[in-house]
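The following pair of complexes shares a single chain, chain A, combined with chain B in the former and chain C in the latter.
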Partner chain A sequence: MQWSIETRNLRRTFRDRPVRRLFRRAVGTPVPDKVALDSVNVTVRPGELFGLLGPNGAGKTTIIKILSTLLLPSAGEALVDGIDVAKDPDSVRRRVNMVSGGEHSGYGILTVRETIWMFSQFYGVPTKVAKKRADAMIERLNLTESADTKTSKLSTGMRQKMNIIRGFVTDPKILFLDEPTLGLDVGIAREVRAFVSEWISEHPERTVLLTTHYMAEADSMCDRVAIIDQGRVLACDTPANLKRDLAPDCVYQIEVPLWTETISPLDQMPVVRSVAMEHRGDQGRTHLRVILEEEGGIASVTDRLAKRGARVLSMTRLEPSLEDAFLNLVGHGLSSGNGENGAR
Partner chain B sequence: MRTYLITNLRAIWGRAYVRVVGANREPSWLFFEVALPLLASFSFALIYRGMGAPEQYVGFVVVSGAMIAFWQNILWSMAAQFYWEKEMGNLELYLMAPISRMSILMGMAVGGLFMTAIRATLILLIGTWVFGVTYQVSSWLLLTGVFVLTMGAVYGLGMLSSSLFMLFGREAWHTANLFQEPVYFATGFYFPVRALGDLGAMLASAIPLTLGLDAIRQLIFSGKPVNPLFTVRTEMLLLVVATIFFNWAALRALRFMENLGKQSGRLTLKGQ
Partner chain C sequence: MINRLSTTYRSLVTSGRLGWAVESNWADPFVFMIYQIVRPLFGAFILVVMFKVVTGQPASAPAFAQVYVGNAMFMLVVQVLFGLGIVIFEDRERFEMLRYIYLAPVGFGVYLTGRGLAKTIATTAGVVFTILAGWLIFGIKYDLGFGDIPYFTAAMLLGIVAILALGVALAAVAMVTSREGFGLSEGVASVFYLLSGAVFTIDILPRWMVSIGHVLPFTYWLEALRRSLLHTPYIGSLSHLSDAQILLRLSWTTAVTVIICWALLSAAEHYAVSSGKLDQRTDH
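Coming up: the complex of A and B.
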C-alpha cells in the first residue's frame, strides 16, 4: 500500500550554536542535544484525516516541518506520497500545503482576495481557477463581507479563515494543519472544523494531517489519532479504540474545595493509574479526574482525600474520553485547552 | 519543465504585484523615496558648484542620485527581504512552495523597479532642471548595455546577500547596515572613483556598481574629462564576468544556506 505519509524511525535533535557549544564545553558545562523527535513511526492512509495530539513541545510541529520540507531529519526517513522529503523536496512541495494557527502570512496592504490569489501563484494555479476556488471558499467560510478588506484590518478569526483558504486554494494532495484553531473563538473554530471535515469528505483522495492539543478537536474530527509526548508516539488508533482500552467504570471526576497541594498524594496510590487536576478559582473548587486500576479503588481515594482535609463535594463516574486515554498514556493532562474552543 | 517555468513566472508576478499595488495604495513613499534622497544629491552638487569644480561633477551627482535608487532596491531591499519575510512568517510559505527561491527575489526586484524607475526618473529630471545639467551621450546602445549589465551584476550580488539574510536574519541586517555607508563611499556615487587612488579604485571595482557608474559617466558626459577607471569596453567585459559570477554564486549560496538552515533548524526561526 502506498501511504500518504510515512515516517520510519524519524529522529530530530537540536543543538546549540557552534560557538556557544564550544564555550560551554570549554567551561565544563556542555549541553546535550535536545531530542525533539525520537523514533517516530507513523503511517497515514490516503483520504485520512489524521491527528497528532500532544501538549506544547511534544514534537508535533517538528514533524510537520520535516514533512513540509522546512527541516531535515537527524535520522530516519519521512516519506510524503512515497517521496523522501530529504532526497526529493521539490516533488514533495508540489503535493503539499500547510496552514498554521496564529499565522500572520501575507502583506497588510493586500486585500483578502489578493492575498489568496498571490499565494496561489506560487503553486502555478491559473488566475481564473484560483479566483473561482477562492470565491467559493470565501462564501463557504462566511468571509464575503471582508473579502475586499485589507488584511491589516482583519480580526484574528477572519485572518485565520483567510489562511485556511490560502492552504486549500491550491488543492493540495496532502494538507498539513498545524493547530489551525489556535486562539480562535468558539464560533469561528467550529466553522473552520466544519470546513475541513467537509472538504475531506468531498475529496476522498486527499489527506489531512492535523496537529492539535485540543482533545475534543482530535476526537470529533480525526479518523485516527497518534498521541505524542516528548517526541515519542505513545499510541496510534481511532479515537474510539483509544477510549475503549480504558475500562468504562474506572474514570471518576471528583470535586473538592480548592486543593492547594500537588497531586502526588493521590498519584502515588497503587490503585490510581493517573490523575489530572483542574483548578476553578472563580468557583473556589478543584476538579480531579482520576483513572483507577480497578473499580473498588475509589473508596480508598476518597479516604485519602478526607485525611488530607479535602471534603468531596461531588463525585461522578464518567464515560472514558480521549482526554482519559491521553491521561492514561502520558500520565498527565494537557496544560491548557482540553476540549476548549467549542470542539464538543 | 514547461510547467515549472510557468509556475515560476506566475510566482514572479505574484510577488511583484505586492510592491506595485503597495506603491499605488500608499503614495507617501514619493516623499520619502524622492524628496529626501534629493537633499543628499543637492548637497554634493552645491558643494561642487561652490568650489568651482568642473560642471560635469554636478552632473555626476545627479546621475548618481538616480542610480542609488536602483542600488537600494536591488541590493539592500531585495537582499534584506528574506529577513523581513522570516519575521512576518512568509518565508516558510515561500520556501515550501514548488518554486525557485530566485523567483521570489526576482518578483520582489521587478515589483520594486516600478517605484525605483519613478524615483530615479524624478531625481534625474529635477536635478537636471535645478542645476541645468547638460548631457552628451556618445552611444545610447552602449549606455543601455552598461545599464542592463550593471543591473544584472548588482542583482546577482543582491541574491548572494539574500542567502545570508535567509539564515542569519537580524545578524545579517546589522552587518548590512554596517557596510552601507562604506559601500556608498567606495562606489564613488558622488565623485570619480579614481580619487581613491589606483589601489583604492581597483578594490572598489569589485562592487559592480562602481564599474557601471564609471562607464555610464563616460558615456553620458562624452568629450568632457571624467577621470575614468577603465575604458567602457573593459568595464563592460568586467561587468559580464561579474554578472555571471554573482548569479552563479547566488544560486549555489541560496541552496547551501537553505540546506544549512534545514539542518540546524534556523531556517524558519523568528527573532534571531
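Coming up: the complex of A and C.
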C-alpha cells in the first residue's frame, strides 16, 4: 500500500547561530542542538483526515513544514504521495497545499477574490475552473459579501476563511492544515471545521493532515490521531481506541478550593497516574482532573486531599476523553484550549 | 510541456500584477504616475547642477548628454534591485505570504521575475520621461534613427534580463538574511553605479576597478544605449569596439550573470529550507 504520508525516523534539530555557537564553545558553555523532532514515524492513508495533537512546541508545525517542503529534515525520510520531500520537492509541491492559523497573512491591497484567483494561477488551475471553485467555496463559507473587499479590511475570521479557500481552491491531493482554527471565535471555527469535513467527504481520495491543540477538534474531526510531545510520537490510533486504552472508573474531576501551590496536592501518590490542575480564580476554585492507576484508588485520593487541607467541593466520575488519553500519555494537560473554540 | 509553459507564463503575469498592485497601492493612479515622473525629473535637475558645478560646463556640452543618458537609464538598475530586495522582507514579514508563494509549484524564480518585471515597467515610465525631459528642457540632441531601433531594443532587452537576474539573486540573499539586510540591494546598486560608468567613465578609476567594469553587463548596456541614442562612444577603453562587438559582449556578460544569479538563487533556497529561514521574523 502506498501511504499518502509516511515519515521514517524523521529527525529535525536546530542549531544556534554559527558565531554564537563558536563563542559559546570558546567560553566553555556549548549549547546542544535543539531537538524539534526525534525519530518520528507516522503513516497516513489516502483519504484519511489525520490529526497531530500536541501542546505548543511539541513539533507539530515542524512536521508540517518538512512535509510541505518548507524545511529539510536533519535525518530520516519524509514521503508525500510516495515522493521524498528532500529529493524531489517540486513534485511534492504539485500535490500539496497548506493553510496555517493564528497569523494575519494576506496582501492587504488585494481583494478576497483576487487573492484566491492569484494562487489558483500559481498552481496552474484553469481560470474558469478556478473561478467556479472559488465562487462555490466563497458562498459555502459565507464570504460572498466580502468577496470584493480588500484583505486589509477583513476581520481575523474572514481572513482565515479566505486562507482556507486559498488552500482548497487548488484541489490538492494532500492538504496540510496547521492549527486552522487558532484564534477564531466559536462560530467561525465551527464553519471552518464543517467546511473541511464536508470537503473530505466530497473528495474521499484526498488526504488532510491537521495539527491542533484543541482536543475536541481532533476528537470530532480526525479518523486517526497521533499524540506528539517534545518531538516524539507517543501514541497513534483512532480517538476511540486511544480513549479505550484507559480503564473505566479511573477518570475523575475533583473540585477543591483554589490551590495556590505549584505542586499538586496529589503529588507522588502511587495510585495516581496523572493529574492536571486547572485554576478558576474567578470562582476561587481549582479543578483536578485525575487519572487513577486502578479503579479503587479514589478513596486514598480523597484522604490525601483532606490531609493537605484541600476540601473536596465536588467530585465527578468522567467517561475517558481524548484529553484524558493525552493526559495519560503526556503526563500533563495542554497549556490551553481543551475543547473551547466551539469544537463540540 | 505546453501546459507547464502556460502555467509559468500565467504565473509570471500574475506575480507582475501583484507587484504592480503592491507598488502602486499607496496612492491613486494619477498621483502615482506623477510621483513616477516627478521624482526622476528632480533627480535629473540635481544632476544638471552637479555637472555645472563639477565641470564648469553648460548642459549643452556633449559630455552632459552622455552623463544624463547613463544616469537616466541606471534608474532601472537601482529601482529593480532595491524593489526585489524589499519584496522578500515584505512578503515574509508584513504580508506573511512568502511561504505560500514558495510552496506554489510554479517556481520561486518565476515569481520573483514577475515581481521584478512590474518594477521594471513602473520605472520605465520615469526613465522615458527623464529622457524626454533631456530633449525638451536641457536641449540634448538625440539621434535615434529608424535603423537604430533594433539595436536599441536588443540592448535594452538584454540589459533588463541582466537587471532582473541580479534582482532575483539579491532577493535570494534577502531570503536568508534579516530585515536589516535590505540595504544590501542599495549598496550593490551603488557599486554598479560606479563600476559600470553610469555617470563618469570608468577609465578614470584604478585599473583593477576598470577590469571589474569590463566584465559587468551594465557597462556594455549603458555604452550600447548611449551609442544608439547619441551615436558617440563614451567609455574610452571601449571605443575600439564596434557597436556589434558591444552588443556581443553585453550578450555574454548577461548570459554569465544569469547563470551565476540562478545558481545563487538555488543555493539560497537550499540554505533557507535547511535552516528554516523561509518564514523567519526579524522585525523585532
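Just so it is clear, the second predicted complex is superposed on the first by the 339 of 344 C-alpha atoms of A that agree within 3 Å, B and C clash if a C-alpha of one lies under 4 Å from a C-alpha of the other, contacts with A are read in each partner's own complex, and residues count from 1 in each chain.
Methods note: a residue touches a chain if its C-beta (ideal position, glycine included) is under 8 Å from a C-beta of that chain, and two chains touch if they have at least 3 such contacts.
Nothing here was measured: the structure is a model prediction, and the numbers come from that model.
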For the overlay on chain A, clash or fit between chain B and chain C? clash
With both complexes overlaid on chain A, does A:Met118 touch chain B (first), chain C (second), both or neither? both
Contacts for A:Asp237 in the overlay, against chain B (first) and chain C (second): which applies, first, second, both or neither? neither
If we overlay the two complexes on their shared chain A, which of chain B and chain C does A:Asp90 touch? Say first, second, both or neither. both
Looking at the overlay, does A:Asp171 come into contact with chain B only (first), chain C only (second), both, or neither? neither
What part of chain A is shared between its chain B contacts and its chain C contacts? 14, 65, 68-72, 90, 93-94, 96-98, 103-107, 109-110, 114, 118-119, 121-124
Complex interface listing, chain A residues touching chain B: 14, 65, 68-72, 90, 93-94, 96-98, 103-107, 109-110, 114, 117-125
Quick check on the complex: what are the chain B residues that touch chain A? 3, 6-7, 10-11, 13-15, 17-18, 21-22, 25-26, 88-90, 92-99, 259, 262-263, 265, 267-268
Chain A residues touching chain C - in the complex, by the definition given at the top: 14, 65, 68-72, 89-90, 93-94, 96-98, 103-110, 114, 118-119, 121-124, 166
In the complex with chain A, residue positions of chain C that touch it: 3-4, 6-7, 10-11, 13-15, 17-18, 21-22, 25, 95-97, 99-107, 111, 273-274, 276, 278-279
